[in-house]
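Listed next: structures, encoded as structure tokens.
Each of the next two complexes has subunit A plus one more chain, namely subunit B in the first and subunit C in the second.
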Partner chain A sequence: MSDGPILAVERLRVAYPGRGGSIEAVRDVSLSVGAGECVGIVGESGSGKTQLCLALMGLLPPGARIEGAVRFAGAPDGAPRAVRGERIAMVFQDPQTALTPHLRIGSQMAEVLVHHRRVPGSQAREAARSMLARVGIPDPAGCLRRYPHELSGGMRQRVLIAMCLLCAPQLLIADEPTTALDVTVQAQVLELLARLRREQRMAILLVSHDLAVVAGLAARIVVMYAGRVVEEAPADALFRSPRHPYTAALIACAPNADGPIPARMATLPGQPPGAAERFAGCPFVARCDRSSDRCRHEPPAMVTLDDGRRFACHEPLPA
Partner chain B sequence: MNAAVPPSPLLEARALRVEYHAARGLVARERVIAVDDVGFSLEPGETLGLVGESGSGKSTLARAILRLVPVAAGEVLWRGEDLLRWDRRRLRERRRGMQIVFQDPFASLDPRMAVVETLEEPLRIFESGLGRRERRARVLRMLERVGLGADAMHRYPHEFSGGQCQRIGIARAMMSAPELLVCDEPVSALDVSIQGQIVNLLADLQRESRIALLFISHNLTVVRHLSHRVLVMYRGRLVETATREALFAAPRHPYTRALLAAVPRVPRPGAASADPSRAAMPLAPDGPAGPVVGGCAYRARCPFAAAICAARTPELEPAGPDHAVACHRREAQTP
Partner chain C sequence: MPMIRYLLVRLLGALPTLLAIVTISFFLIRFAPGGPFDQARALPADVVANLNAAYGLDRPLWDQYTTYLRDLAHGDFGPSFRYKDFSVTELIREGFPVSATLGAIAIAIALVAGVGVGVVAALHRGRWIDHATIGLSVVAIAVPSFVLLPALGLLFGIELHWLPVAGWDPTSVRDYVLPVTTLCLPPLAYIARLTRASMIEVMRSAYVRTAFAKGLPLRTIVLKHALRPALIPVASYLAPAVAMTMTGSLVVETIAGLPGIGRYLVQGALNRDYTLVLGMVIVYSTLLIAMGLVVDVLIAALDPRIRLEA
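Up next, the complex of A and B:
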């Protein structure tokens, strides 16, 4: 595809000082994304997905301790944030806090272009308007005049997506980008992202709890649990035959859109270890139905197979 | 809305209308009708699903029935009393019974309050007789029910993930044992296991205490699981209301049909092809350039649109038992 990945993350750790020892938000994550590729990240709530994204953007709060390496082909490690800002864009999980409250949408969007691309103001506004239309905002000209609090949750989310796409980034990091969209608009936005990926070779790192959304857009999926990658596989292989017990449980919990409605929704009993917890063996051991004594004491090493799959488990499910 | 409404529901909205005055020019304001002529009722122990286009007025409707935004016209009856006429004191007393989990979990928690303070607050206000130990014990029990542990108690909102904040919001709302719980996208930031846990918890609470739920979500799979009846909104108006069974088996409004057709599917292990979802994603046709005035708001996207659709706004009309549709051409939409 290209000479190498556009993004390479190696052994990334993010920790915060806490009351009784450090809080490990990201414990050990390595992954890569190629140009024009979409990689999905799924995993339990609190497993470090957002912290990982913020680390990639260089946007972690001051108290954070970071270890490991992040390489971005378009900008060397440690490049000023402005360089990254132009080539990497992120759709935040909480659009509310990502928009400036007292500025109209039009000014905020135009500013991105004027600032990064030195596009004249009137042209920037027109570009903003047409991008809003592409993400399905019904009255884009009217939307430009609004303040963020005057928009619905899903409209704010689309404004953020449009704002990110304006600069034609090489890498789009999208953290739960479609949670506030109805499924018809969601389909439209996903289709737009897929097109930009194909036509402009925009790489996408897509974080979502919606397995169906990830399955629809990502060619490769990374599964996170307790701050670590526990499995990675091509999307079709992952759904067809998950190897890590957590991945299998996650897929089993996804409710069916059709068919009979069960009395209770499927869940995974127990809780993941907290970010402040230390564990000697496998983080999933307390909830795993395949666990053995070994799992309690020995952390499972990551096994990488020829077909690009990898997983960290002592007793993986059969292929 | 329909003839079968029993004498006194817990909550009833009649011909509700909510307007905003949004920024237009430097000082000019433009009137936005966010909710227009919406009526529904909710029984104790019932779950009403509310789905619809993004920006169609779902959050606004939820806020309006709790008096968190001003209502321009219509009535909201709480056990038969118009709550829009309650004075401040009355409202404060009754608030306990009606709680909301907001769509944006980050913005709705007080950043200066540790989780334990946030969760104890309703107990301090509504059950001031409780001792400190009992309060703590209840907070702990609730945290466990939403899948968070004791170590969450002394941390602050910014130290939590999106899904964790959302669960704190749910726990806070439930601390005061409400009769009505409005949930605005309560599960969208949760992984499927915790999503299932929260949905089961809501169902348990409903069984234990006949709590009524207004459940707003874009996740139609969850709405289908949890709701007894479902309302569908488009551009501020109800376009279809039905029992869950009727809505999912025989949707009548073209928008409802488009919505159900667009639900992406999770590929299942063992299934032959990996990705049926991608093929099933239809592109939503572009909406009109400006706000729609008069007529059916869906007509620019509707494959059935006819002349009458631009001329008159369709009203909700019966389309079966406990089923109503606002479409001039509903006869063309036979299930």
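Up next, the complex of A and C:
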């Protein structure tokens, strides 16, 4: 972290103006990712994780209104959009639909290098072949000739990861990279990401609704709720002593394979608020067991501690 | 090899379909009131009897049907009842190339221009060029050819003297312009709308988002990743459109004085020209079945997930 963060996001807002009022998908999110670091983002469905990722890549649909600043150190003018696919790459949630159905794997991979590196097609295909071998595809040469529908979900996600790595990006954004995969394949893909991060000295922004997925890989974890960051901490500290009640609830809900099997799995009752909802106080108040009167009326400000932890809560759990 | 097998099986399967169409059409037109020799002033009874005997209409209907099928199997569509001294085979052989040529040119133009317009509209969705495309396509589909062709003739023929209003010389390109324009506008507009709709959907798909995330230029994304899947609905529309356009248009061919087959179906039906109607039905259905087959192969080529299985 000597040379500063590679990605810095400041007070990012993503909103969709509409007739019935604006839909706020991302509200005032600030975060940073250091070079070679793995940062995890955790939150329920609808907490704005994917919208945040798309905003970072400059891939939001035309109707979106974006405020705040995104600075990417790898881009000449700081805008990630200009270097996407080259220095910043993204793996999406659903590998079933993320590859173009009518193009062979070789063609879809080679075009990345042909476009960004101006290399001849044969050379690009050779690079694609060796990258497929690195991500653990058994018959890389044969895979280049395949169509996406001829591969399994896990294979397709490997292909997509390999495709992202062709230009050796400085940052990989992985949005729920294992959610659509079988549990055994999930572990393999996570191991692969960990290995590639070491080998390529690449930063990873790993997004998941599943704390367990993020825990193994990320050194630092950002917890999002209703479009905002509610807590951020080093991974071990977060699990040891969560400060925000929402984080504590998430950890309590995660099944623990080592402990005794509970008669009933812990759940967090209620629903997160919709993106169109307005609230005077804390967005978590309705589901929180520590809420006070103040939580209902006054939005909690972000408190940053000396050790780099931060949280937004009026009634935090004791450290 | 599976491709050839597929085509053979499908072609064999088309024969019963064709037989059913011929059978239904044969009996339908026979059960329609009136006959080929009815005129405003009734002919003497003995003349009608002689005519019926000459054309075999006095024999039992089932007998006539089997005779017709036997002749058909030998490529003989029978004599026309109205065009004296012409067989239906001769009429179609002379007229079909004219209609088919005009129709093929019109569909080719409609396909290329329609896809182009549709793609541009989809990429500028919600902007003026998109609204203009939708508006003009409604006009192009709604204005009937009996208005469009005379209007074009009035403007480019009679006012500006650029093009002939009517007449036919197969070697003169100028004779093609107005009828081809009239024929191609409705399918062009329809193809543009189909392309626009499917292109908008494909541009929202996950794999197009991946292509954008890869940092590819818009040109590559549209031409390489989006266009092929967007063309599948257009391909499905092509089968009926080609069959319809290549068998000619009664209105266009009558107004422009073209010696095609466009008028035979309607005239044949009105005149109770039994053999001519059946001949036209056979030409049209054969073309439709053949185009259906071509389109299936085309769609399989557009999408590798589709396998042709007989």
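Here is the rule we go by: the second predicted complex is superposed on the first by the 283 of 319 C-alpha atoms of A that agree within 3 Å, B and C clash if a C-alpha of one lies under 4 Å from a C-alpha of the other, contacts with A are read in each partner's own complex, and residues count from 1 in each chain.
The rule we apply is simple: a contact is a pair of C-beta atoms (placed from the backbone, for glycine too) under 8 Å apart; a residue touches a chain by one contact, two chains touch by 3 or more.
Keep in mind that what you see is a predicted model, and the values were worked out from it rather than measured.
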| item | value |
| --- | --- |
| Superposed partners subunit B and subunit C on subunit A - clash or fit | fit |
| Partner chain in contact with A:Gly21 - subunit B first, subunit C second, else both or neither | neither |
| Which superposed partner A:Gly136 touches (first subunit B, second subunit C, both, neither) | first |
| Which partner, subunit B or subunit C, touches more subunit A residues | B |
| Subunit B versus subunit C as contact partner of A:Gly274, first or second or both or neither | first |
| Touched partner set for A:Ile251, first subunit B, second subunit C, both or neither | first |
| Which of subunit B and subunit C A:Gly308 touches, first, second, both or neither | neither |
| Touched partner set for A:Tyr147, first subunit B, second subunit C, both or neither | both |
| Touched partner set for A:Gln186, first subunit B, second subunit C, both or neither | first |
| Touched partner set for A:Pro120, first subunit B, second subunit C, both or neither | neither |
| Touching partner for A:Ala98 - first (subunit B), second (subunit C), both, neither | second |
| Subunit B versus subunit C - smallest C-alpha distance in the overlay, whole Å | 8 |
| Common interface residues of subunit A - those touching subunit B in one complex and subunit C in the other | 94, 97, 147 |
| Subunit A residues touching subunit C - in the complex, by the definition given at the top | 57, 59, 83-86, 89-90, 92, 94, 97-103, 111-112, 115-116, 147, 149, 160, 163 |
| Complex contacts: residues of subunit B adjacent to subunit A | 20, 22-25, 30, 32, 51-56, 58-59, 103-107, 147, 149, 151, 154, 158-164, 167, 185, 188-197, 199-200, 203, 218-222, 224-225, 258-259, 262-271, 273-275, 277-278, 281-284, 286-291 |
| Residues of subunit A defined as touching subunit B within the complex | 16, 19, 23, 42-46, 49-51, 61, 93-94, 96-97, 104, 133, 136, 138-142, 145-147, 150-155, 157-158, 176, 179-188, 190-191, 209-213, 215-216, 235-237, 239-242, 248-251, 253-257, 261-262, 264-268, 271, 274, 276 |
| Touch list for subunit C against partner subunit A, complex | 205-217, 220, 224-225, 228-229, 302-305 |
